[in-house]
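Chain lettering (A, B, C, D and E) follows the sequence in which the chains are written, and residue indices restart at 1 in each chain.
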Amino acid sequence: MDMALEVAVAAIKIFIVVNVVQLVVAYLIYVERKVIAHAQLRLGPMRVGWHGLLQPIADGLKLFLKEDIVPDKADRVVFVLAPVMVLVPALVVYAVLPFSATFYITQINIGLFFVLAISSLGVFGVVMAGWASNSKYSLLGALRSAAQMLSYEIFLGFSVIGPLMLAGSLNLQEIVHAQRDVWFVFYQPVAFIVFFVAALAETNRAPFDLPEAETELVAGFHTEYSGMKFAFFFLAEYASMMVISTIGIVLFFGGWEGPDFIPLPGFVWYVLKLSVFMFVFIWLRATLPRYRYDQLMRVGWKFMFPLVMLNIFLTGFLKYLFL
Amino acid sequence: MVGVANVSRIDQQSTLHGTEELVINMGPQHPSTHGVLRVILKLDGETVNDLDCDIGYLHRGTEKIGENINYTMFIPYTDRLDYIAAPSNNLAWVTAVEKFFDWEIPMRAQYIRSMVGELSRIASHLLWLATHALDIGAMTVFLWCFREREMVLDLFETAFGGRLTVNAFRLGGLHEDVPEKFLQLTQEFVDIFPSRVDDYETLLTNNRIWLQRTRDVGIISAEDAMDLGLTGPIIRGSGVKWDLRRAKPYAAYPYLDFVVPIGENGDIYDRYLVRIEELRQSTYIIQQCLEQLPGGPASCKTPRTIKPPEGEIYHSIENPKGEFGFYIVSDGTTTPYRVRIRPPSFINLGGLKKLCVGQLVADVVAIIGSIDIVLGECDR
Amino acid sequence: MEIYFFYMFAGGMILTSLLMVTRANVIHAALLLVLTFFFLAGVFVLAGAEFLAAVQILLYAGGIMVLYLFSIMLMNVEVAVRMRQWHRQGVVVFVAAVLLGLEIWAVLGEVEFAAPKQWEWSLGATPGNVEALGAVLYTKFLFPFEVASVLLLAAMIGAIVLAKRTIER
Amino acid sequence: MIPMTHFLVLGAILFLIGAAGVLMRRNAIIILLSIELMLNAVNVTFVGFSRHLADMTGQVFGIFVITVAACEAAVGLAILIALNRDRTMVNVDEVNLLKW
Amino acid sequence: MSDEAVENSEETNGAPDSEESADEVAEAVKTPPGEDLKEVVESAFPGAVLEQSAYEDDEDEATFVLDVDSIVAVSTHLRDHGDSLFKLLTDLTAAHYPEAENPLEVLYHLYSFEHNRRLRLKVRIKEGQSMPTVSGVWSSADWMEREVYDLFGIEFEDHPDLRRILLPDNWGSHPMRKDYPLEGRGERIYTKPKRKEIGD
């Protein structure tokens, strides 16, 4: 009986989280359009609803009702599976994210590692999409994407080791608790910089949006996609943006905990911090040009990799000395 | 019968998944080939091994049309060549035809011609900067540039009624004098514009990513640039101090003060700096025109039918894209015997292969952007 | 409860690996192998090896298999699809494999295992599997661990030398 | 509680499938994939024993096996790419000379 | 500057151009435009300049008519000689005079950065006669010669890549010739391909 109750509660939580995430993602796209529009002296969506507030719903409807095209020479099964393979890992990760002290689906002892592992699967969807489309632009996009995500996963993985050493646990809730006094960003500024850059690259956001560089590769790996399948890629991109931001908040900014003198619920703190992260993501997209493929690799391997290794050594050394 | 696109030298059938070479068809509907340019790239990984341009999708036989209509009627057709900077083309045509005659073009008309010519240079360079930055991924500059380009187009509308294809000048001067409002608005524009150029520069000039993407990419030496016939900002970016407004002055340019900016390395970044400086210099020229603008008529007396004497002339002006000239053979009738347009985009595009081979795909896009082509004039 | 999950994962593994071995299209085979690894990770979790399960997904699925896919895309695989897929010695191998399987079956039927020991921690708890693994890996197995890193370095250099187009001397 | 035999049988079946794949297929990439499968079959056994004996050694060996698999994949794929570039083929029975 | 000029033009040295359209040329001057350039050419290739003219004695309109065989040598010489240095091939085009003896005229517009002057070279050829390419002298001639081939049908020998450039490969004729009608010859009349409708 207990088991059944547990499963039911978990199912309800999952249902809530998945649906809220979808909705938030839809509105995140709206926010991105608005923010970039204002950076560019435009208004952005204004027609559907008050200040275009219903635009995401209209977009969703449009994408939903669009003809679902599978190119003639495409590998049908892989082509259809690819968007699913992109979206599912992005959503599965939410299982372990702590939204507040009490609201989470589950917490496990390999929490952070689980997040890294599952989000590393997103690259499969991209590669599958690029290959199955049987289009040269898609293939080039997929190749770029595979190399980029594989490389930056390494820096992402190494950059979280610093905070992990301080927290002494992979459990996300415990990492948050470890930052009750001081946020790790003050102890680990280098790790945070590397983490943030790697996060941009992992989510294919500007200035690392090479896999879908529209001015070079048309739309990269999702060139041939339309309708709902295209929407899946979009949802996945923004969902994983939120995941990676949440990880950043948990590791470096004290998660759902805020300073004690401002009595706000944990969830509100989380949402506030998430909004800041999201805004920076969008802001960068409006500001920066795009890196070139070889420059991206150079930045990663010649600059960030030594930096993050140095950070790990220093952290270990200092922790040994002072803690 | 429907014509098929030119069969390329590059074998389209090479394998898709082969390790060796990948043939990519960029355009004619690719987002960053600026119109209907089709570039067939032969890639080794991401490096360009060979490249072939397929142009002509916009070929309308403008030269042939020119041989069948009279000199005045051809002015609107020139609008459709480099439609980004239409008044500049008008200027080239009218000054070319006027070379047949010894008309005394009123100074007021000359100054307004120079002014509008510079405005069209600003319009063209702004569109270039917008799309070039977008190609490299900086999307905000795009809309910022369009804001000012819109102001320039509004000025054209005030003066001539048209915005894109303005049909600005007539043989012998202007159709009619520009309204006073045009001069006021131009003054306002000139006052605002330099600070706006500063805005673009804050986003790009010292941006590390921008520098990495443009420095030492698409380098062309001065010798090679001459050999390839490149003109305009490209050859100036390679360090050749040559501007037709100085070398072979026309309109009011002999009386105007400006600097011809040049680059050092001949890479994309130098071309960018040259064009940015040209934006400032153009503003300065317009300011001078406004200050020095003489009164008097806006057009000289011209005969009802334009009938140049027999002979052949070549006249060119400094179009935003490069040397834009007309070679006209007159047989003494009202229609030209032969009209040849010297298209800067066409000839500059001929240098694309030399610029691109050995670079990466992402650079091809940047290089096409830095050449600043407009297909209407390239394909004619 | 646990045992049903085990059957599910094991069945999935056997099915996908059989499919993998029989595919003509290499990409399909590689993707099926990824699926096998997912099920394998499930089996690992059931065996109380959560960290290894995560490593399995992160390194195997997210790393090695992407490398496979990447390389396959660089190669000309379309020709191979249209060729004869099976080796001439296939029948002999198949018979041998079945015989070997029967032998293992027979041997396993004979063996009696002692009662299994229990972990000192429960599944998914902190501290648990990760801490225990780390403690063992960096004390008892420190030397093999370092040797493994040397092996990785050697493999990296070897791969670069082999795959490089021309080596400047 | 999952009996030890289950792990061993599963490991054996996977290993046999992998071995059969290695010996029966002509496509070198599938052979490499089958080798990966065999390595993982061994991992199943390791983890099974680790579970049965409540000893971490099995899992440590699992990690080493994954390391070896990574090395094998890198070198194997490098060889295949070099081979493919030279000969445009991936079938093992055509590679029957030590040197061309 | 008309076609008849071809017939009665002798070696013009120093004398004003003897043209039928002489009324356009205001008066005879002592040194006609391009005389110094002519000396540059004649010093290396005596007799290469068949005819010399200029519109209204404009220095920039100086025109030399050359022989088919000498064009590559003369243009190389003009590019490299210190007194000319025509490093920029501004334009390469052609014109069609159907009535003339040599109906096709290939024109080269040169520009010298050092001396800031222009020069026009002309070569008149017969129908079907091919031209030597100058793409070895100026790389920019590559595309322009392709264009002339495309629009006028003049073949350039030894051209690295002589294909049509503006028009489709199967166009068939050369539209800038005077005998080509302005409206075209119906190449572009589009017949809608028969398409299978749903339900057919």
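By definition in this document, a contact is a pair of C-beta atoms (placed from the backbone, for glycine too) under 8 Å apart; a residue touches a chain by one contact, two chains touch by 3 or more.
For clarity, every value in this text was computed on a predicted model and none was experimentally measured.
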- Query: So which chain is farthest from subunit C, going by the mean of the CA atoms in each chain?
  - Reply: E
- What chain is the most remote from subunit A, judged by the mean position of CA atoms in each chain? E
- Chain pair that, of all pairs, has the most C-beta pairs in contact: C-D
- Taking each chain's mean CA coordinate, subunit B and subunit E are separated, in whole Å, by 24
- Message: Please tell me the distance, in whole Å, between the geometric centres of subunit A and subunit E computed from their C-alpha atoms.
- Response: 62
- Note: subunit D sits from subunit A at a C-alpha centroid distance in Å of 33
- Per the C-alpha means, the centres of subunit D and subunit E lie apart by a whole-Å value of 71
- Counting only residues that touch at least 2 other chains, which ones in subunit C make the list? 51, 55, 63, 67, 73-77, 129
- Identify all positions of subunit A at which a residue touches two or more other chains, and write them in rising order. 139
- Mark out which residues of subunit B touch at least two other chains, giving numbers and ranges. 16-19
- Task: Could you please specify the touching residues of subunit B with respect to subunit E in the complex?
- Result: 1-7, 9, 55-56, 59, 61, 63-65, 68, 99, 223, 226-231, 240, 242, 247-248, 309-314, 316, 323, 325, 327, 329, 331-332, 337-338, 340, 342, 346-347, 349-351, 354, 379-380
- Could you pull out which subunit B residues touch subunit A in their complex? 16-17, 22-25, 30-32, 46, 133-140, 142-144, 147, 203-204, 207, 209-210, 212-213, 360-363, 365
- Task: Note which residues of subunit C are touching subunit D in the complex, please.
- Result: 2-3, 6, 10, 13-14, 17-18, 20-21, 23, 26, 29-30, 33, 36-37, 40, 43-44, 46-49, 51-52, 55-56, 59-60, 63-64, 67-68, 71-72, 74-77, 79-80, 83-90, 93-94, 97, 100-101, 104-105, 108, 111, 113, 116-120, 129, 132-133, 135-137, 140-141, 144, 148, 151-152, 154-156, 158-163, 165
- Write out the stretch or stretches of subunit C touching subunit A in their complex. 25, 27-28, 31, 34, 50-51, 54-55, 57-58, 61-63, 65-67, 69-70, 73-74, 124-130
- Message: Please output the residues of subunit E touching subunit B within their complex, sorted ascending.
- Response: 1-2, 21, 23-24, 55-56, 58, 60-61, 63, 87-91, 93, 95-96, 107, 109, 113, 116, 118, 120, 138-140, 142-144, 147, 151, 161, 163-171, 175-176, 180, 182, 186-190
